[in-house]
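Next come two complexes built around chain A: one with chain B, the other with chain C.
For the complex of A and B:
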């Protein structure tokens, strides 16, 4: 299950930067964003905007297409990064 | 040879900055090859890494290779277009190049000021000091790849015809701000480019057919060419993501030849842009759908260097078959 807050924030970033023809609220968490029209260049802008929005930095191993392919994939990556940063 | 990192008190500040600027190194083989090219007058040193003049023998080989590419392209019945090595700055801005390759781009600045400013500029320049304060950006940028002027020129005509077209952009000077001691990494060089505009199927079929043609062309010249998937040298962290995408989607491949480096050097590349340029410039079919584009380019100087490296720096002593390919019955 995705946290509602997190997936809402991801949708806001997608609306602002993915340059899709449709509103991100119409996408399911599993919708293929590249299939929905996100270009490689737009996906880079999404990546940078997600870093700013969630105060994380994607490591090199995450700088690839599959990590930004759906809202679910993005949320999983952010969750992993925030878990690393969280105080124990 | 690597540039000294030390500050030389005998030099003015701007020279010291120049000398400390990042200059790509060369392997011992590349350095020795560069020395031989200069000693034989094949290349003419300018004193700036990556900027050379070309001797007659060097230029002759490049032009002979160009003619072989033209002959190989003839079945495509390409439309010929030729452009200056300058691009309207607005076209560079529209192309997305500054997003992907800000580190390689070059733009033209020129003097703007009063007479007293001109005097001050000259005096500072004479002392090898920084005179950039008197320079303003013009409407011009250096062409980063030979195909860049083609897309806006086609878009200005209106809709892309059904079936698309092939454009022969010729052998054009292009600029990459990439100072290096490796003779195969020049800051200004010739790219022999062809461009295909059409449907995704037409464009991919053309690119794949040409990679076979290109490989055969280079192998006929006795070069140990191999094909491999590749990625462009995109800038920064976002660039690593773009490069990964490019490799994963198999959008770019190169023909590589041993040229004194640790790895073989690319002498040709085949690039499928999908709808990238169509979206930036509005290259659309009659039904409003974006045209796809691909380009292929041979690095003119790199092909010559590969021939000289492989067969030796005396073209008169090259294998007869190679000479026959380039010069006919000699």
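For the complex of A and C:
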């Protein structure tokens, strides 16, 4: 289950940068963003905006389609990155 | 005036002719051709450059690409960058990438003094080309109105 705050912030980024024809509030957490019209180039802008919004940096190993394929997948990646950065 | 489809067809024919013209692979070792095509609105790149120029440029393009895409006053040309992004995506399509990790920096588009483009592969992209058996690659860069496009043709070698 995604936290509401994280899910809302990801949707805000998608609305601003994914260039979809629909509002991100109409998407489920599992909706295929590429199927919904996000281009490869738009996914770059989404990635950069996510990095700024969540203060993380996607490493090379995460630069693949599945990481940005849905809100759920993005949230999982951000959670993993923030866990790595969290103080022990 | 040629239509966009006609220009793309001409670019594909040019890429195929270029590959055939310099293919040193023995006839008996020539495997099937793989073709990738990508089209991108230049306006998308212009918006990215306007929003966060340095971060966008550094994450996607190699130093050599950025050097070739800068005007004499140091401004990045969105058209040239869009063509290179399309070439990177066309390469991924020609390589039949599904969910492999291929960083944008591992595919670099270079132009010689005459403006002829070529692909330089490093790291993950080079490894995938080896895995797929692609020995020869040809790339074309296209400008059509407000669109940038690229065609990449790869030939696999069977021996």
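FYI, the second predicted complex is superposed on the first by the 88 of 88 C-alpha atoms of A that agree within 3 Å, B and C clash if a C-alpha of one lies under 4 Å from a C-alpha of the other, contacts with A are read in each partner's own complex, and residues count from 1 in each chain.
The rule is short, and it goes like this: a contact is a pair of C-beta atoms (placed from the backbone, for glycine too) under 8 Å apart; a residue touches a chain by one contact, two chains touch by 3 or more.
If you're wondering where the values come from, they're calculated on a predicted model, not measured in any experiment.
Annotation: superposed three-chain arrangement on chain A; chain B versus chain C shows a clash.
Ranking chain B and chain C by residues of chain A touched puts C first.
When the two complexes are overlaid on their common chain A, residue A:7 makes contact with neither chain B nor chain C. Contacts of A:61 after superposition on the shared chain: chain C is touched, whereas chain B is not.
In the superposition on chain A, contact of A:43 is made with chain B only, not with chain C. One listed stretch of chain B collides with chain C once both complexes sit on chain A; from 96-104, 114-122 or 312-320, that stretch is 96-104. Counting contacts as defined above, chain A residues 39-41, 44, 47-48, 60, 63-65 meet chain B in one complex and chain C in the other. Of all residues in chain A, those touching chain B in their complex are 39-41, 43-44, 47-48, 58, 60, 63-65. The residues of chain C lying in touch with chain A in their complex are 38, 40, 44-45, 47-48, 51-52, 55-56, 59-60, 85, 89, 98-104, 124. Those residues of chain A lying in contact with chain C across their complex are 19, 39-42, 44-45, 47-48, 60-66.
Within the complex, the chain B residues that touch chain A are 96, 99-100, 237-238, 240-242, 244-246, 248-249, 274-276, 279.
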